[in-house]
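In what follows, subunit A forms one complex with subunit B and a second complex with subunit C.
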Partner chain A sequence: MRNPWAWSLALGAVLLPAVVPGYGLYVLTLGLIFAAAAIGLNLLTGQAGQVSMGHAGFMGIGAYTSALLSLRFAFPLALSIPLAAVGAAVVGLALGVPALRLSGPYLAVATLGFGTFVSQFLLKWESLTGGYMGLKPHRLLWTSAIPEDWQLYYFTVAILAGLSWLALRVERSRLGRAMVAVRDAEWVAQASGIDPVRTKLAAFALSAGYAGLAGALQAHVVGFISPSDFSLQASIFLLSAVVIGGLASVPGAVVGAVALTVGFQALSGVRDLRSILYGGAMVLVVMFFPGGLWRLRLNGLFTRKPVAVVWRRSRATGP
Partner chain B sequence: MPPVLEVRDLRVRFGGVTALDGVNLAVAPGEVAGIIGPNGAGKTTLLNVVSRFVTPAQGTVYFAGQPLLRYKSHQLARLGIGRTFQIPRMLVGLSVLDHVLVGAEHGGLSGPRARQTARETLEQLNLSAVADVSPLALPAPLQKRVDLARALAGRPRLLLLDEPAAGLAGEERTALGELVRSLQVRLGCTVVVVEHDVELVSRVCDRVFVLNFGRLIAEGTPQEVRRHPAVLEAYLGEAEHVGA
Partner chain C sequence: MDGRLLADVLVGGVAAGAVYALMALGLVLIYKTTEIVNFGHGDMATVCTFVAYAVAVQMGAPLAVAVVLSLVCAALLGALVEWGIFRVARTRHATVLSLVVATLGVALVLNGAVGVVWGHDVKTFPFLWTGPPVRVGAALLPVDQVLNLAVGVLLAAALYGFFRYTVPGIAMRATISNQAAAHLVGIPVDRMFALSWAIGSALGALAGILAAPVLYLEPNRMVDLLLKGFAAAVLGGMDSLPGAPVGGVVLGVLENLAGAYGSLELKASLAFLLIVIALALRPQGLMGTYRHRRV
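Right, the complex of A and B next:
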């Protein structure tokens, strides 16, 4: 990790509980959970170029899978949370198959439909999911009956660090380069020996696994889940975090998700204005900083090199 | 030894338009073959059939004696077929080295060997100095060379070049011709060049195929083809270029 910004972020994350009060730390923890899902979405949308407007659906699958496994079948959380990630990844793989035939706005609409289906499914199957009353999953516990905010925070930081490390490894791997090739020029990818079907399916599964894990964490950190937590609004929130933070950037996804979560809470006093301010901020970022907040600092402080690496959809229409 | 590339009775239709009409051709191992023809002659369509981006209505394609149409386009790199594109598409966010690495690691090499081959290929094409640069920062001629390096890094036995000289200036065209020839000698691969520039094809190719309106109208050495009456007729208006 040679990047001074990344070091600063890591050090700040460790020291934060010393200066941020309890509730603030809890909000930050939620932001880090969203960051885990945003990193996954970033692999799919930023790295592999496949738009998903229904990613909160995978979070919902993860949250309810882990909650139900632990509540109904007495699975320990150490087992139910990873199983939730696997379950979401399998659903992601299944969704990836029909999605292979779609791209751009058609894929966006299809994934939006998936997200809506999941939240409606969770709402309607009351006997299993509790309907709009939701579920009260076990909370993550260590020594005390009620988990301390700093414990939840450090636990989430540790998980997020692991997920970030894995995503960075994927980005710089054979698979990561294949994703970029499929995103930017599918014909070039094929001519180079890359199977676009396998690459997109891998991206869908991996991305859904991240979201499933994030959903499971949310369930056991908050201690309550309901279908409205995984609605279309949550999916748009995730996509906004990825775009505002910086597409195809792991730290960008983290910064975007944390900034949006904290901002959302900070603006809770002006509830009516919140959406307007949010929408306005998003328009400004997309218009003036298309590389996102993370790349904005790259251009400014620590390097004089222009960052040409701005994500763009330059999909080849033919050779 | 069978031809590296053999096309038999190839017919391609796009709706009501016949893009290729009963084309037959064979390229021997180690040859540099050129495919020329006026705009719309079917040159790139032929290349797209061979690289499996277009499925023909009729006909067969053989690569080193084995039927090629049973494979998908992404399987060809591992078989030993590489290709470049008329307008090279650069992969955003990857350095020049990573770009070439994509060709090496998906063409059948793995791990450090793929990286080593990518570096060697950059060296061969005089691109080592820009290995860590984003290819988007490079001028168009160098982007074409990066695209060529990507195709070469898979160590192909058959290299398909789609209008490699398009957009290049005079000196760059001369350099490209020398580069293609030297690559053929050094790597021993068979090369098929689709090109508008008849001068370049004449200089570089051992054998030339001329297409017009989807039909093969002439084949032979560059000298034979340039004197062929059907070629002169097809290039009417460009006759002085062909006959120069």
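Right, the complex of A and C next:
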């Protein structure tokens, strides 16, 4: 982490409970959970260039897997949450296979279909999922008392730090660079020995795993899940968080997800106005800061180096 | 099942498909010219349907006037979105994905605006044409579905004529097939973009007005129609204008068959099941062309 803004963010995250009241911390915790899913979506969409408009579906799969494992089979949460991530990753891998042939709007609509299917499925299979009524998963407990907001907050911060570290490692690994190559010029990547099929499948699985883990965390932090938590709206929310924060950037995904969640909760009393402000903000960010909030020139306060803007269309032409 | 019911189901499916086709045509037109998948299409249609509602029901003007005003509004709105937002974003090298996210933003703004102006209670929208059911071949069709069918066929013919015989239509096709070359021969590419947004948006508004009497009016009522429009567009081929009505009709008929012989619940999720199967077999849609990736 060479970027001083990243350090300030991390420091701020640790010191925040001193100044933010209980409910505010709870909202921030939710934002951080969304951030985990956004980091995952960012690996797939920002890094590997595969759009997903149904990522909340993976969150739903993770949430219900962990909730059902712990409720029905008395799995400890330390086991059910990782299993939820694995389960979501397996589904992601399975979705990745038909998605290999699709790109652009076709992939967007197919993943949107997947997300809609998951929430319909959760709604209809009432005997297992409780339908509209949802489920009440166990709260995260490590003592006999119900955890305080600040405890949940630090717990989530710790997990998110681990997930961000992993994502940053992946970004710089052979796999991460292969993803960028496949995103920018698939056949050039193929010509230089990268297997696009394996790269895309890995991106799908990893990204779905992140979302599944986030869903499981949400289930046990909130203590209630229902199919409407993982609807098309949630998928769109995630995608906008990634784009507004800044594509192909781990801190960008975190900033986008936290900012959107906090704004969303703060304006929950005035729904129509919230829609207008939200939509307006999305449009303005795309119009004036196509690189996302994270790539605002604020970075220049610390460094004079120009900020690279990733995810422009590749300028390279011709074979 | 007897043949009469089957005929009813089939013709009814085609009529329902006509509305999906209108929605899909607008989406495909905008996608073909500007490469933007417009997720704001449903909410743009909602706004314009509410305009028609305001003129016809709240102000008591004749329905025909309301429809015309609404379509004009739709065209202006489409052009405004393209000129005010996407043209600016393009000059700043926004990626196609972020443009698509901007359409989601447009959708949210319009959705909120409709809620502020007209509130959230469900409203009834008058049928454009009322009367006894009409016999179409072996099937008996409600008169509003006959209208859907007629409007769908007429518009398909009108669009064909527009693209085949008129100067702006041909210019738009030139823009679609090669922007740089179109620009070189003096076609105002920017204006073609705005024109395609205007026409696409008007087609969406028309679909909204035709569907509103059955669906009723409420800020979020068009989401389903938008998804069906997408399903139809992708099924037919996102880059194929003739594909859109084909996709719409196939979707409408299959949906009606599933509703009649399967279950109504199946009807809702069938659209997406169908898309996934169709895309697995033909990733470019039924009538789309396989596009080699531009490098």
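The rule we apply is simple: the second predicted complex is superposed on the first by the 306 of 319 C-alpha atoms of A that agree within 3 Å, B and C clash if a C-alpha of one lies under 4 Å from a C-alpha of the other, contacts with A are read in each partner's own complex, and residues count from 1 in each chain.
Going forward, a residue touches a chain if its C-beta (ideal position, glycine included) is under 8 Å from a C-beta of that chain, and two chains touch if they have at least 3 such contacts.
These figures come from a predicted structure and were not determined experimentally.
On the superposed subunit A, the positions of subunit B and subunit C stay apart, so the two partners fit side by side. With both structures placed on the common chain, the touch criterion links A:279 to subunit C but leaves subunit B unconnected.
By the touch criterion defined above, A:185 reaches both subunit B and subunit C. Once the two complexes are overlaid on the shared chain, A:193 sits against subunit B while remaining clear of subunit C. When the two complexes are overlaid on their common chain A, residue A:174 makes contact with subunit B while staying clear of subunit C. Residue contacts after overlaying the shared chain place A:201 against neither subunit B nor subunit C.
By the document's definition of touching, of the two partners only subunit B reaches A:248; subunit C does not. Annotation: apex subunit A, arms to subunit B and subunit C, angle 80° (C-alpha centres, rounded to a multiple of 10).
More residues of subunit A lie in contact with C than with the other chain of the pair subunit B and subunit C. Of the two partner chains placed by the overlay, neither subunit B nor subunit C lies in contact with A:238.
Put simply, the nearest alpha carbons of subunit B and subunit C end up 7 Å apart when the two models share chain A. In the superposition on the C-alpha atoms of chain A, the part of subunit A touched by subunit B in one complex and by subunit C in the other spans residues 185, 187-188, 309, 311-312, 314, 316, 318-319.
Within the complex formed with subunit C, the subunit A residues making contact are 45, 51, 98, 101-106, 108-110, 112-114, 116-117, 120, 124, 185-188, 232, 236, 239-240, 243-244, 247, 271-283, 286-288, 290, 309, 311-314, 316-319.
The touching residues of subunit B, counted against subunit A in their complex, run 44, 47-48, 51, 53, 72-78, 82-83, 85-86, 88-94, 98, 101-103, 105-108, 134, 136-137, 147, 150-151, 154, 162. Across the interface of their complex, subunit A is touched by residues 31, 37, 39, 85, 88-89, 92-102, 104-113, 115-116, 223, 227, 230-231, 234, 238, 265, 268-269, 271-273, 275-276, 279-280, 283-285, 293, 295 of subunit C. Note for the complex: subunit A touches subunit B at residues 174, 177-178, 180-181, 184-185, 187-196, 248, 308-312, 314, 316, 318-319.
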